[in-house]
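Which chain is which? They are A, B, C and D, in the order written, and residues in each are numbered from 1.
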Amino acid sequence: MNNYPTMSTVQIGDELPKMKKQASEAELFLYSAASFNPHRIHYDRAYANFEGHDDLVVHGPLQGSWLTQFVTDWAGPRARLLSIEWQNRASAFVGDELIFAGTVTAIDQANTSVELEISEKNIDGTLLMPAKANVRLAGA
Amino acid sequence: MPSSLIPPDSLKRIGEVLSGPFTVRIELREAQRYAYAVGDLNPIYFDETAAVAAGYATLTVPPLFLTHALVQPKPIENLRTDGLYNDNASIELRVSRMMFGGEEWDFHEPVCVGDEITGTTRLADLDEKEGQKGSFVRLVRETTFTNQRGDIVAKSRQIGIAR
Amino acid sequence: MPSSLIPPDSLKRIGEVLSGPFTVRIELREAQRYAYAVGDLNPIYFDETAAVAAGYATLTVPPLFLTHALVQPKPIENLRTDGLYNDNASIELRVSRMMFGGEEWDFHEPVCVGDEITGTTRLADLDEKEGQKGSFVRLVRETTFTNQRGDIVAKSRQIGIAR
Amino acid sequence: MNNYPTMSTVQIGDELPKMKKQASEAELFLYSAASFNPHRIHYDRAYANFEGHDDLVVHGPLQGSWLTQFVTDWAGPRARLLSIEWQNRASAFVGDELIFAGTVTAIDQANTSVELEISEKNIDGTLLMPAKANVRLAGA
(Lines give C-alpha, C1' and ligand atoms only; values in the text may rest on other atoms or scores of the structure.)
Protein backbone atom coordinates (compact mmCIF):
# COMPACT_ATOMS: atom_id res chain seq x y z
CA MET A 1 0.00 0.00 0.00
CA ASN A 2 1.06 3.57 -0.41
CA ASN A 3 -0.08 7.07 0.36
CA TYR A 4 -0.88 8.31 -3.12
CA PRO A 5 -4.05 10.40 -3.33
CA THR A 6 -7.26 8.86 -4.67
CA MET A 7 -10.58 10.41 -5.69
CA SER A 8 -11.97 9.46 -2.28
CA THR A 9 -9.12 10.97 -0.26
CA VAL A 10 -8.22 14.08 -2.26
CA GLN A 11 -9.59 17.43 -1.10
CA ILE A 12 -9.54 20.93 -2.50
CA GLY A 13 -6.75 22.81 -0.81
CA ASP A 14 -4.51 19.74 -0.40
CA GLU A 15 -0.90 20.77 -0.74
CA LEU A 16 1.62 18.73 -2.67
CA PRO A 17 4.87 17.89 -0.82
CA LYS A 18 7.41 20.54 -1.79
CA MET A 19 10.21 19.49 -4.15
CA LYS A 20 13.64 21.08 -4.44
CA LYS A 21 15.95 21.02 -7.46
CA GLN A 22 19.39 22.53 -7.92
CA ALA A 23 21.28 21.82 -11.13
CA SER A 24 25.07 21.83 -11.40
CA GLU A 25 27.08 22.53 -14.55
CA ALA A 26 27.38 18.78 -15.21
CA GLU A 27 23.64 18.27 -14.73
CA LEU A 28 22.84 21.07 -17.20
CA PHE A 29 25.26 19.44 -19.62
CA LEU A 30 23.54 16.08 -19.19
CA TYR A 31 20.16 17.63 -19.88
CA SER A 32 21.47 19.45 -22.96
CA ALA A 33 22.90 16.14 -24.14
CA ALA A 34 19.78 14.09 -23.37
CA SER A 35 17.54 16.65 -25.06
CA PHE A 36 19.87 17.07 -28.07
CA ASN A 37 20.15 20.82 -27.52
CA PRO A 38 23.52 22.42 -28.32
CA HIS A 39 22.48 25.99 -27.30
CA ARG A 40 25.57 27.53 -25.71
CA ILE A 41 23.70 29.48 -23.02
CA HIS A 42 23.38 26.21 -21.10
CA TYR A 43 27.08 25.21 -20.90
CA ASP A 44 29.27 28.12 -22.04
CA ARG A 45 29.30 30.75 -19.29
CA ALA A 46 31.15 33.38 -21.33
CA TYR A 47 28.63 33.00 -24.14
CA ALA A 48 25.66 33.13 -21.72
CA ASN A 49 27.07 36.39 -20.33
CA PHE A 50 27.54 37.69 -23.88
CA GLU A 51 23.82 37.08 -24.52
CA GLY A 52 23.00 39.04 -21.38
CA HIS A 53 22.37 36.20 -18.93
CA ASP A 54 23.82 36.38 -15.42
CA ASP A 55 25.05 32.78 -15.59
CA LEU A 56 24.33 29.45 -17.31
CA VAL A 57 20.60 29.28 -17.97
CA VAL A 58 18.50 26.36 -16.76
CA HIS A 59 16.57 25.04 -19.77
CA GLY A 60 12.87 25.91 -19.83
CA PRO A 61 11.91 22.35 -20.83
CA LEU A 62 14.04 20.95 -17.97
CA GLN A 63 11.98 23.03 -15.55
CA GLY A 64 8.90 21.77 -17.41
CA SER A 65 10.00 18.18 -16.84
CA TRP A 66 10.60 18.99 -13.17
CA LEU A 67 7.01 20.29 -13.03
CA THR A 68 5.70 17.03 -14.48
CA GLN A 69 7.84 15.05 -12.03
CA PHE A 70 6.49 17.16 -9.16
CA VAL A 71 2.96 16.14 -10.17
CA THR A 72 3.66 12.47 -10.91
CA ASP A 73 5.70 11.99 -7.70
CA TRP A 74 2.62 13.15 -5.78
CA ALA A 75 -0.01 11.37 -7.86
CA GLY A 76 1.79 8.03 -8.09
CA PRO A 77 2.56 5.67 -10.98
CA ARG A 78 -1.06 4.62 -11.59
CA ALA A 79 -2.25 8.21 -12.06
CA ARG A 80 -2.23 9.79 -15.53
CA LEU A 81 -1.11 13.31 -16.34
CA LEU A 82 -3.80 14.73 -18.66
CA SER A 83 -2.42 18.20 -19.27
CA ILE A 84 0.13 20.66 -18.00
CA GLU A 85 1.00 24.22 -18.94
CA TRP A 86 3.48 26.72 -17.62
CA GLN A 87 4.71 30.22 -18.31
CA ASN A 88 8.33 31.27 -18.18
CA ARG A 89 8.34 34.46 -16.08
CA ALA A 90 12.01 34.68 -15.09
CA SER A 91 15.19 32.72 -15.66
CA ALA A 92 16.75 30.12 -13.41
CA PHE A 93 20.51 29.78 -13.35
CA VAL A 94 23.01 27.02 -12.60
CA GLY A 95 23.21 26.33 -8.87
CA ASP A 96 19.95 28.13 -8.04
CA GLU A 97 17.84 26.38 -5.43
CA LEU A 98 14.42 25.96 -7.00
CA ILE A 99 11.34 25.19 -4.94
CA PHE A 100 8.22 23.57 -6.39
CA ALA A 101 4.92 23.94 -4.53
CA GLY A 102 1.35 23.13 -5.51
CA THR A 103 -2.27 22.94 -4.37
CA VAL A 104 -5.37 21.03 -5.44
CA THR A 105 -7.74 23.71 -6.80
CA ALA A 106 -10.59 21.68 -8.29
CA ILE A 107 -11.91 18.14 -8.27
CA ASP A 108 -13.87 16.65 -11.19
CA GLN A 109 -15.54 13.49 -9.86
CA ALA A 110 -17.07 12.59 -13.24
CA ASN A 111 -13.67 12.70 -14.95
CA THR A 112 -11.88 11.27 -11.86
CA SER A 113 -9.40 14.10 -12.23
CA VAL A 114 -8.09 17.00 -10.21
CA GLU A 115 -6.70 20.38 -11.13
CA LEU A 116 -3.48 21.64 -9.59
CA GLU A 117 -1.93 25.07 -9.35
CA ILE A 118 1.84 24.92 -9.13
CA SER A 119 4.63 27.39 -8.66
CA GLU A 120 8.35 27.18 -9.18
CA LYS A 121 10.21 29.82 -7.18
CA ASN A 122 13.84 30.54 -6.46
CA ILE A 123 15.04 31.13 -2.88
CA ASP A 124 14.49 34.88 -3.25
CA GLY A 125 10.81 33.99 -3.61
CA THR A 126 10.71 35.12 -7.24
CA LEU A 127 8.05 33.23 -9.17
CA LEU A 128 9.86 31.70 -12.15
CA MET A 129 7.15 29.45 -13.55
CA PRO A 130 3.48 29.44 -12.63
CA ALA A 131 1.86 26.24 -13.87
CA LYS A 132 -1.42 24.33 -13.99
CA ALA A 133 -1.94 20.63 -14.39
CA ASN A 134 -4.78 18.15 -14.67
CA VAL A 135 -4.20 14.65 -13.47
CA ARG A 136 -6.45 11.59 -13.38
CA LEU A 137 -6.01 9.87 -10.05
CA ALA A 138 -5.76 6.13 -9.68
CA GLY A 139 -8.10 4.01 -7.59
CA ALA A 140 -11.52 5.14 -6.53
CA MET B 1 -3.20 48.17 -38.16
CA PRO B 2 -0.21 46.61 -39.90
CA SER B 3 2.19 44.86 -37.57
CA SER B 4 5.50 46.62 -37.07
CA LEU B 5 7.38 43.54 -35.87
CA ILE B 6 5.98 40.84 -38.17
CA PRO B 7 6.74 41.05 -41.89
CA PRO B 8 3.70 40.22 -44.09
CA ASP B 9 5.46 37.15 -45.53
CA SER B 10 5.89 35.76 -42.02
CA LEU B 11 2.20 36.30 -41.20
CA LYS B 12 1.31 34.26 -44.27
CA ARG B 13 3.12 31.28 -42.78
CA ILE B 14 0.51 30.72 -40.06
CA GLY B 15 -0.65 27.12 -40.44
CA GLU B 16 2.48 26.10 -42.31
CA VAL B 17 4.34 22.92 -41.38
CA LEU B 18 7.66 23.99 -39.85
CA SER B 19 9.14 20.55 -39.31
CA GLY B 20 8.20 16.95 -39.91
CA PRO B 21 6.42 14.76 -40.23
CA PHE B 22 9.24 12.79 -38.64
CA THR B 23 8.77 9.26 -37.35
CA VAL B 24 11.04 7.84 -34.68
CA ARG B 25 11.08 4.76 -32.51
CA ILE B 26 11.02 5.55 -28.79
CA GLU B 27 14.36 4.19 -27.58
CA LEU B 28 14.88 2.86 -24.08
CA ARG B 29 18.35 4.28 -23.63
CA GLU B 30 17.48 7.76 -24.95
CA ALA B 31 14.44 7.91 -22.67
CA GLN B 32 16.38 6.70 -19.65
CA ARG B 33 19.19 9.19 -20.26
CA TYR B 34 16.50 11.88 -20.35
CA ALA B 35 14.89 10.66 -17.10
CA TYR B 36 18.27 10.50 -15.35
CA ALA B 37 19.16 14.00 -16.57
CA VAL B 38 15.90 15.32 -15.13
CA GLY B 39 16.55 13.40 -11.90
CA ASP B 40 13.19 11.65 -12.31
CA LEU B 41 13.69 8.08 -11.07
CA ASN B 42 10.03 7.06 -11.38
CA PRO B 43 10.12 3.23 -11.60
CA ILE B 44 7.71 3.24 -14.57
CA TYR B 45 10.69 4.47 -16.67
CA PHE B 46 13.18 1.88 -15.36
CA ASP B 47 11.38 -1.22 -14.05
CA GLU B 48 9.14 -3.06 -16.48
CA THR B 49 7.25 -4.82 -13.68
CA ALA B 50 6.43 -1.47 -12.08
CA ALA B 51 5.34 -0.05 -15.45
CA VAL B 52 3.04 -2.99 -16.15
CA ALA B 53 1.64 -2.82 -12.60
CA ALA B 54 0.85 0.85 -13.26
CA GLY B 55 -1.17 -0.07 -16.35
CA TYR B 56 1.37 0.44 -19.16
CA ALA B 57 2.07 -2.15 -21.87
CA THR B 58 5.81 -1.88 -21.08
CA LEU B 59 8.21 0.83 -19.87
CA THR B 60 6.84 4.31 -20.45
CA VAL B 61 8.86 7.53 -20.83
CA PRO B 62 8.87 10.99 -19.22
CA PRO B 63 5.96 12.95 -20.75
CA LEU B 64 8.04 15.81 -22.17
CA PHE B 65 10.69 13.50 -23.66
CA LEU B 66 8.47 13.34 -26.77
CA THR B 67 9.76 16.68 -28.06
CA HIS B 68 13.34 15.52 -27.83
CA ALA B 69 12.74 12.04 -29.22
CA LEU B 70 11.86 13.77 -32.48
CA VAL B 71 15.08 15.82 -32.76
CA GLN B 72 16.87 14.84 -35.96
CA PRO B 73 20.67 14.42 -36.11
CA LYS B 74 22.14 17.42 -37.95
CA PRO B 75 25.53 18.24 -39.47
CA ILE B 76 27.81 20.67 -37.63
CA GLU B 77 28.14 22.66 -40.84
CA ASN B 78 24.73 24.12 -39.99
CA LEU B 79 25.71 25.32 -36.49
CA ARG B 80 25.26 29.01 -35.74
CA THR B 81 27.42 31.02 -33.33
CA ASP B 82 24.90 30.46 -30.53
CA GLY B 83 25.17 26.68 -30.92
CA LEU B 84 21.72 26.24 -32.46
CA TYR B 85 21.19 25.09 -36.02
CA ASN B 86 20.06 27.05 -39.02
CA ASP B 87 16.82 25.54 -40.19
CA ASN B 88 13.61 26.26 -42.02
CA ALA B 89 11.66 26.48 -38.76
CA SER B 90 12.98 30.02 -38.18
CA ILE B 91 10.34 32.70 -38.74
CA GLU B 92 11.61 36.03 -39.98
CA LEU B 93 10.72 38.78 -37.50
CA ARG B 94 11.84 42.38 -36.90
CA VAL B 95 13.05 41.61 -33.39
CA SER B 96 16.40 41.25 -31.67
CA ARG B 97 15.65 38.54 -29.17
CA MET B 98 13.53 35.40 -28.90
CA MET B 99 12.64 34.09 -25.45
CA PHE B 100 11.08 30.88 -24.25
CA GLY B 101 7.58 31.85 -23.08
CA GLY B 102 6.15 28.58 -21.88
CA GLU B 103 4.46 25.40 -23.01
CA GLU B 104 1.03 23.79 -23.00
CA TRP B 105 0.65 20.02 -23.26
CA ASP B 106 -2.30 17.67 -23.61
CA PHE B 107 -1.76 13.95 -23.17
CA HIS B 108 -4.22 11.54 -24.74
CA GLU B 109 -2.60 8.10 -24.82
CA PRO B 110 0.38 6.55 -23.06
CA VAL B 111 3.71 6.38 -24.91
CA CYS B 112 5.91 3.35 -24.34
CA VAL B 113 9.38 2.24 -25.38
CA GLY B 114 9.22 0.78 -28.87
CA ASP B 115 6.33 2.95 -30.00
CA GLU B 116 6.77 4.58 -33.41
CA ILE B 117 5.89 8.22 -32.89
CA THR B 118 5.28 10.68 -35.70
CA GLY B 119 5.52 14.38 -34.93
CA THR B 120 4.51 17.31 -37.11
CA THR B 121 5.08 20.90 -36.04
CA ARG B 122 3.06 23.80 -37.42
CA LEU B 123 3.14 27.53 -36.92
CA ALA B 124 -0.14 27.66 -35.00
CA ASP B 125 -0.19 31.33 -34.16
CA LEU B 126 1.77 34.52 -34.70
CA ASP B 127 0.62 37.89 -33.48
CA GLU B 128 1.84 41.18 -32.14
CA LYS B 129 0.77 42.31 -28.68
CA GLU B 130 1.24 45.33 -26.47
CA GLY B 131 2.95 44.77 -23.14
CA GLN B 132 4.29 46.94 -20.35
CA LYS B 133 7.67 47.12 -22.09
CA GLY B 134 6.18 47.84 -25.54
CA SER B 135 5.21 45.65 -28.47
CA PHE B 136 6.15 42.01 -28.56
CA VAL B 137 5.49 39.04 -30.81
CA ARG B 138 3.85 35.86 -29.56
CA LEU B 139 4.70 32.84 -31.68
CA VAL B 140 3.12 29.44 -31.10
CA ARG B 141 4.54 26.21 -32.53
CA GLU B 142 2.13 23.32 -32.18
CA THR B 143 3.28 19.75 -32.48
CA THR B 144 0.93 16.80 -32.85
CA PHE B 145 2.32 13.41 -31.88
CA THR B 146 0.69 10.23 -33.22
CA ASN B 147 1.64 6.61 -32.62
CA GLN B 148 1.94 3.58 -34.94
CA ARG B 149 -1.82 2.93 -34.57
CA GLY B 150 -2.68 6.44 -35.74
CA ASP B 151 -3.81 7.60 -32.27
CA ILE B 152 -2.95 11.14 -31.29
CA VAL B 153 -0.92 10.58 -28.14
CA ALA B 154 -0.13 14.20 -27.27
CA LYS B 155 -0.13 17.79 -28.45
CA SER B 156 2.33 20.45 -27.40
CA ARG B 157 2.20 24.20 -27.89
CA GLN B 158 5.54 25.94 -27.44
CA ILE B 159 5.20 29.67 -26.95
CA GLY B 160 7.96 32.02 -28.01
CA ILE B 161 8.11 35.68 -27.04
CA ALA B 162 10.14 37.96 -29.31
CA ARG B 163 10.85 41.66 -28.93
CA MET C 1 60.86 -4.04 -5.99
CA PRO C 2 57.44 -3.25 -4.60
CA SER C 3 55.55 -0.63 -6.54
CA SER C 4 55.26 2.70 -4.80
CA LEU C 5 52.30 3.93 -6.83
CA ILE C 6 50.20 0.75 -7.14
CA PRO C 7 48.70 -0.75 -3.97
CA PRO C 8 48.96 -4.58 -3.88
CA ASP C 9 45.18 -4.94 -3.96
CA SER C 10 45.06 -3.01 -7.23
CA LEU C 11 47.78 -5.21 -8.79
CA LYS C 12 45.67 -8.26 -7.97
CA ARG C 13 42.92 -6.85 -10.17
CA ILE C 14 44.83 -7.47 -13.41
CA GLY C 15 42.57 -9.60 -15.60
CA GLU C 16 39.44 -8.59 -13.72
CA VAL C 17 36.31 -7.56 -15.61
CA LEU C 18 35.83 -3.83 -15.00
CA SER C 19 32.58 -3.39 -16.88
CA GLY C 20 30.13 -5.47 -18.82
CA PRO C 21 29.31 -7.66 -20.45
CA PHE C 22 26.81 -5.15 -21.79
CA THR C 23 24.81 -5.79 -24.94
CA VAL C 24 23.38 -2.92 -26.99
CA ARG C 25 21.76 -2.55 -30.35
CA ILE C 26 23.67 -0.23 -32.68
CA GLU C 27 21.21 2.62 -33.22
CA LEU C 28 21.10 4.65 -36.42
CA ARG C 29 20.46 7.97 -34.74
CA GLU C 30 23.15 7.58 -32.07
CA ALA C 31 25.69 6.58 -34.70
CA GLN C 32 24.74 9.46 -37.00
CA ARG C 33 24.91 11.98 -34.14
CA TYR C 34 28.41 10.65 -33.46
CA ALA C 35 29.46 10.93 -37.11
CA TYR C 36 28.09 14.46 -37.37
CA ALA C 37 29.87 15.47 -34.14
CA VAL C 38 33.15 14.20 -35.58
CA GLY C 39 32.41 15.99 -38.85
CA ASP C 40 32.76 12.68 -40.71
CA LEU C 41 30.20 12.73 -43.51
CA ASN C 42 31.29 9.45 -45.11
CA PRO C 43 28.23 8.29 -47.11
CA ILE C 44 28.55 4.75 -45.72
CA TYR C 45 27.14 6.17 -42.43
CA PHE C 46 24.25 8.08 -44.04
CA ASP C 47 23.30 6.56 -47.41
CA GLU C 48 22.29 2.91 -47.42
CA THR C 49 22.93 2.58 -51.16
CA ALA C 50 26.48 3.83 -50.69
CA ALA C 51 27.03 1.47 -47.75
CA VAL C 52 25.79 -1.55 -49.72
CA ALA C 53 27.89 -0.53 -52.73
CA ALA C 54 30.90 -0.46 -50.40
CA GLY C 55 30.24 -4.04 -49.33
CA TYR C 56 28.29 -3.56 -46.08
CA ALA C 57 25.00 -5.33 -45.31
CA THR C 58 23.45 -1.95 -44.46
CA LEU C 59 24.61 1.37 -42.98
CA THR C 60 27.83 1.01 -41.01
CA VAL C 61 29.07 3.27 -38.20
CA PRO C 62 32.28 5.19 -37.39
CA PRO C 63 34.84 2.65 -36.13
CA LEU C 64 35.41 4.26 -32.72
CA PHE C 65 31.69 4.76 -32.04
CA LEU C 66 31.70 1.23 -30.57
CA THR C 67 33.13 2.44 -27.25
CA HIS C 68 30.36 4.99 -26.88
CA ALA C 69 27.53 2.72 -28.04
CA LEU C 70 28.23 0.67 -24.92
CA VAL C 71 27.96 3.57 -22.45
CA GLN C 72 25.14 2.83 -20.01
CA PRO C 73 22.70 5.53 -18.85
CA LYS C 74 23.58 6.46 -15.28
CA PRO C 75 21.84 8.43 -12.51
CA ILE C 76 23.09 11.93 -11.71
CA GLU C 77 23.33 10.90 -8.04
CA ASN C 78 26.62 9.21 -9.01
CA LEU C 79 28.18 12.32 -10.59
CA ARG C 80 31.50 13.48 -9.18
CA THR C 81 32.69 17.09 -9.10
CA ASP C 82 34.58 16.61 -12.37
CA GLY C 83 31.41 15.51 -14.15
CA LEU C 84 32.42 11.86 -14.44
CA TYR C 85 30.61 9.05 -12.62
CA ASN C 86 31.72 7.04 -9.66
CA ASP C 87 31.92 3.46 -10.78
CA ASN C 88 33.62 0.17 -10.07
CA ALA C 89 35.96 0.59 -13.03
CA SER C 90 38.12 2.97 -10.97
CA ILE C 91 41.41 1.39 -9.90
CA GLU C 92 42.85 2.64 -6.62
CA LEU C 93 46.30 4.16 -7.20
CA ARG C 94 48.64 6.42 -5.20
CA VAL C 95 48.58 9.13 -7.86
CA SER C 96 47.09 12.57 -8.19
CA ARG C 97 46.26 12.66 -11.87
CA MET C 98 45.11 10.27 -14.58
CA MET C 99 45.77 11.18 -18.20
CA PHE C 100 44.59 9.75 -21.48
CA GLY C 101 47.64 8.03 -22.97
CA GLY C 102 46.34 6.67 -26.25
CA GLU C 103 44.41 3.81 -27.80
CA GLU C 104 45.06 0.73 -29.91
CA TRP C 105 42.30 -0.81 -32.02
CA ASP C 106 41.98 -3.95 -34.12
CA PHE C 107 38.99 -4.36 -36.39
CA HIS C 108 37.95 -7.84 -37.46
CA GLU C 109 34.39 -7.65 -38.81
CA PRO C 110 32.17 -4.81 -40.00
CA VAL C 111 29.61 -3.36 -37.58
CA CYS C 112 26.28 -2.24 -38.99
CA VAL C 113 23.19 -0.48 -37.68
CA GLY C 114 20.95 -3.03 -35.98
CA ASP C 115 23.82 -5.28 -34.86
CA GLU C 116 23.66 -6.41 -31.24
CA ILE C 117 27.11 -5.74 -29.84
CA THR C 118 28.37 -7.10 -26.54
CA GLY C 119 31.33 -5.40 -24.90
CA THR C 120 33.38 -6.58 -21.95
CA THR C 121 36.19 -4.49 -20.48
CA ARG C 122 39.03 -6.01 -18.47
CA LEU C 123 42.01 -4.56 -16.68
CA ALA C 124 44.56 -5.95 -19.14
CA ASP C 125 47.70 -4.45 -17.69
CA LEU C 126 48.87 -2.32 -14.78
CA ASP C 127 52.50 -1.52 -14.13
CA GLU C 128 54.80 1.14 -12.83
CA LYS C 129 57.45 2.64 -15.10
CA GLU C 130 60.24 5.14 -14.84
CA GLY C 131 59.99 8.19 -17.06
CA GLN C 132 61.90 11.43 -17.45
CA LYS C 133 59.57 13.05 -14.92
CA GLY C 134 59.77 10.16 -12.44
CA SER C 135 57.61 7.12 -11.85
CA PHE C 136 54.27 6.72 -13.52
CA VAL C 137 51.60 4.06 -13.80
CA ARG C 138 50.51 2.60 -17.12
CA LEU C 139 47.01 1.17 -17.00
CA VAL C 140 45.46 -0.70 -19.92
CA ARG C 141 41.75 -1.35 -20.22
CA GLU C 142 40.97 -3.85 -22.98
CA THR C 143 37.50 -4.16 -24.42
CA THR C 144 36.40 -7.04 -26.63
CA PHE C 145 33.37 -6.40 -28.81
CA THR C 146 31.38 -9.32 -30.22
CA ASN C 147 28.29 -9.31 -32.42
CA GLN C 148 25.03 -11.30 -32.33
CA ARG C 149 26.69 -14.13 -34.27
CA GLY C 150 29.44 -14.48 -31.67
CA ASP C 151 32.12 -13.00 -33.96
CA ILE C 152 34.72 -10.76 -32.35
CA VAL C 153 34.25 -7.55 -34.34
CA ALA C 154 36.89 -5.38 -32.63
CA LYS C 155 39.24 -5.02 -29.69
CA SER C 156 40.30 -1.76 -28.12
CA ARG C 157 43.06 -1.08 -25.64
CA GLN C 158 42.74 2.24 -23.83
CA ILE C 159 45.95 3.35 -22.17
CA GLY C 160 45.84 5.54 -19.08
CA ILE C 161 48.91 7.27 -17.66
CA ALA C 162 48.75 8.18 -13.97
CA ARG C 163 51.31 10.02 -11.89
CA MET D 1 35.34 6.11 -61.07
CA ASN D 2 37.28 7.79 -58.33
CA ASN D 3 40.86 8.44 -57.26
CA TYR D 4 41.04 6.19 -54.22
CA PRO D 5 44.31 4.24 -53.96
CA THR D 6 44.41 0.58 -54.95
CA MET D 7 47.06 -2.09 -54.44
CA SER D 8 48.25 -1.49 -57.99
CA THR D 9 48.55 2.29 -57.67
CA VAL D 10 49.75 2.75 -54.08
CA GLN D 11 53.47 3.31 -53.47
CA ILE D 12 55.65 3.55 -50.40
CA GLY D 13 56.13 7.22 -49.64
CA ASP D 14 52.71 8.27 -50.93
CA GLU D 15 51.41 11.14 -48.86
CA LEU D 16 47.81 11.37 -47.74
CA PRO D 17 46.04 14.67 -48.50
CA LYS D 18 46.33 16.83 -45.39
CA MET D 19 43.20 17.33 -43.29
CA LYS D 20 42.46 20.25 -41.00
CA LYS D 21 40.11 20.27 -37.98
CA GLN D 22 39.22 23.08 -35.61
CA ALA D 23 36.54 22.49 -32.99
CA SER D 24 34.40 25.24 -31.49
CA GLU D 25 32.76 25.17 -28.06
CA ALA D 26 29.50 23.93 -29.61
CA GLU D 27 31.32 21.20 -31.53
CA LEU D 28 33.06 19.97 -28.36
CA PHE D 29 29.66 19.97 -26.67
CA LEU D 30 28.17 17.93 -29.50
CA TYR D 31 30.97 15.38 -29.26
CA SER D 32 30.59 15.15 -25.48
CA ALA D 33 26.86 14.61 -26.01
CA ALA D 34 27.26 12.07 -28.82
CA SER D 35 29.88 10.12 -26.86
CA PHE D 36 27.89 10.31 -23.58
CA ASN D 37 30.81 11.91 -21.75
CA PRO D 38 29.93 14.52 -19.08
CA HIS D 39 33.57 15.33 -18.14
CA ARG D 40 33.62 19.06 -17.39
CA ILE D 41 37.06 19.74 -18.92
CA HIS D 42 35.37 19.65 -22.34
CA TYR D 43 32.66 22.30 -21.80
CA ASP D 44 33.30 24.16 -18.53
CA ARG D 45 36.24 26.52 -19.05
CA ALA D 46 36.54 27.53 -15.40
CA TYR D 47 36.67 23.89 -14.38
CA ALA D 48 39.20 23.05 -17.12
CA ASN D 49 41.41 25.87 -15.80
CA PHE D 50 40.94 24.57 -12.25
CA GLU D 51 42.28 21.19 -13.40
CA GLY D 52 45.31 22.93 -14.89
CA HIS D 53 44.31 23.02 -18.56
CA ASP D 54 44.84 26.20 -20.58
CA ASP D 55 41.36 25.99 -22.10
CA LEU D 56 38.61 23.49 -22.97
CA VAL D 57 40.29 20.21 -23.84
CA VAL D 58 39.61 18.44 -27.15
CA HIS D 59 38.63 14.85 -26.31
CA GLY D 60 41.31 12.23 -27.02
CA PRO D 61 38.77 9.90 -28.65
CA LEU D 62 37.51 12.76 -30.85
CA GLN D 63 41.04 13.18 -32.16
CA GLY D 64 41.12 9.39 -32.54
CA SER D 65 37.97 9.52 -34.66
CA TRP D 66 39.52 12.32 -36.72
CA LEU D 67 42.53 10.03 -37.30
CA THR D 68 40.24 7.25 -38.54
CA GLN D 69 38.40 9.71 -40.78
CA PHE D 70 41.73 10.94 -42.15
CA VAL D 71 42.52 7.36 -43.20
CA THR D 72 39.09 6.40 -44.52
CA ASP D 73 38.70 9.67 -46.48
CA TRP D 74 41.92 8.76 -48.30
CA ALA D 75 41.28 5.02 -48.65
CA GLY D 76 37.66 5.31 -49.80
CA PRO D 77 34.45 3.56 -48.76
CA ARG D 78 35.40 0.12 -50.14
CA ALA D 79 38.63 -0.02 -48.10
CA ARG D 80 38.66 -1.54 -44.61
CA LEU D 81 40.47 -0.13 -41.61
CA LEU D 82 42.24 -3.11 -40.00
CA SER D 83 43.93 -1.40 -37.07
CA ILE D 84 44.88 1.99 -35.73
CA GLU D 85 46.81 3.16 -32.70
CA TRP D 86 47.83 6.54 -31.39
CA GLN D 87 49.58 8.09 -28.45
CA ASN D 88 48.46 11.25 -26.71
CA ARG D 89 51.60 13.39 -26.43
CA ALA D 90 50.11 16.83 -25.80
CA SER D 91 46.67 18.38 -25.42
CA ALA D 92 44.60 20.11 -28.07
CA PHE D 93 42.31 22.94 -27.02
CA VAL D 94 39.08 24.46 -28.32
CA GLY D 95 39.71 26.56 -31.43
CA ASP D 96 43.17 25.07 -32.11
CA GLU D 97 43.87 24.45 -35.78
CA LEU D 98 44.90 20.81 -36.01
CA ILE D 99 46.68 19.39 -39.05
CA PHE D 100 46.65 15.71 -39.96
CA ALA D 101 49.37 14.35 -42.25
CA GLY D 102 50.35 10.81 -43.18
CA THR D 103 52.55 8.64 -45.38
CA VAL D 104 52.43 5.09 -46.73
CA THR D 105 55.31 3.30 -44.98
CA ALA D 106 54.79 -0.33 -46.01
CA ILE D 107 52.80 -2.38 -48.51
CA ASP D 108 51.75 -5.98 -47.87
CA GLN D 109 50.70 -7.40 -51.25
CA ALA D 110 49.69 -10.79 -49.77
CA ASN D 111 47.34 -9.13 -47.26
CA THR D 112 46.32 -6.40 -49.79
CA SER D 113 46.99 -3.88 -47.04
CA VAL D 114 49.20 -0.88 -46.43
CA GLU D 115 50.71 0.62 -43.31
CA LEU D 116 50.45 4.34 -42.65
CA GLU D 117 52.31 6.65 -40.33
CA ILE D 118 50.23 9.61 -39.30
CA SER D 119 50.75 12.75 -37.29
CA GLU D 120 48.39 15.24 -35.75
CA LYS D 121 50.07 18.58 -35.09
CA ASN D 122 48.89 21.99 -33.99
CA ILE D 123 49.90 25.13 -35.92
CA ASP D 124 52.96 25.58 -33.67
CA GLY D 125 54.14 22.29 -35.16
CA THR D 126 53.82 20.46 -31.83
CA LEU D 127 53.16 16.77 -32.38
CA LEU D 128 49.99 16.00 -30.44
CA MET D 129 49.28 12.47 -31.59
CA PRO D 130 51.60 10.17 -33.53
CA ALA D 131 49.60 7.30 -35.00
CA LYS D 132 49.89 4.18 -37.11
CA ALA D 133 47.18 2.49 -39.13
CA ASN D 134 46.75 -0.58 -41.32
CA VAL D 135 44.15 -0.46 -44.03
CA ARG D 136 43.08 -3.02 -46.62
CA LEU D 137 42.65 -1.27 -49.93
CA ALA D 138 39.79 -1.96 -52.29
CA GLY D 139 40.15 -3.13 -55.85
CA ALA D 140 43.25 -4.82 -57.20
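Here is the rule we go by: contacts are C-beta pairs under 8 Å (C-beta built on N, C-alpha and C of every residue); 3 or more make two chains touch, one makes a residue touch a chain.
This one's a predicted model, so the numbers in the text were calculated from it and none came from an experiment.
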item	value
Angle, in degrees to the nearest 5, of the Cα rotation that carries subunit A onto subunit D	180
Selected interface, A-B versus A-C, where C-beta contact pairs are more numerous	A-B
Geometric centre distance via CA averages, subunit D-subunit A, whole Å	44
Subunit B and subunit C: spacing of chain centres that average the CA atoms, whole Å	34
Subunit A-subunit B separation of Cα centroids, rounded to whole Å	17
Touching two or more other chains - residues of subunit D	25-27, 29-30, 33, 36, 38, 40, 44, 47
Where subunit B touches two or more other chains, by residue	33, 36-37, 39, 76, 79, 83
Subunit A-touching residues of subunit D, taken from the complex the two chains share	25-26, 29-30, 32-33, 36, 38, 40, 43-47
Subunit C to subunit B touching residues, read off their complex	24, 27, 29, 32-33, 36-37, 39, 41, 73-76
Complex contact set, residues of subunit A against subunit C	24-27, 29-30, 36
Touching residues on subunit C, where the partner in the complex is subunit A	33, 76, 79, 83
Touching residues (chain side subunit D, partner subunit C) in the complex	21, 27, 30-31, 33-41, 44, 47, 51, 60-62, 64-66, 68-69, 72-73, 77-78, 80-88, 129
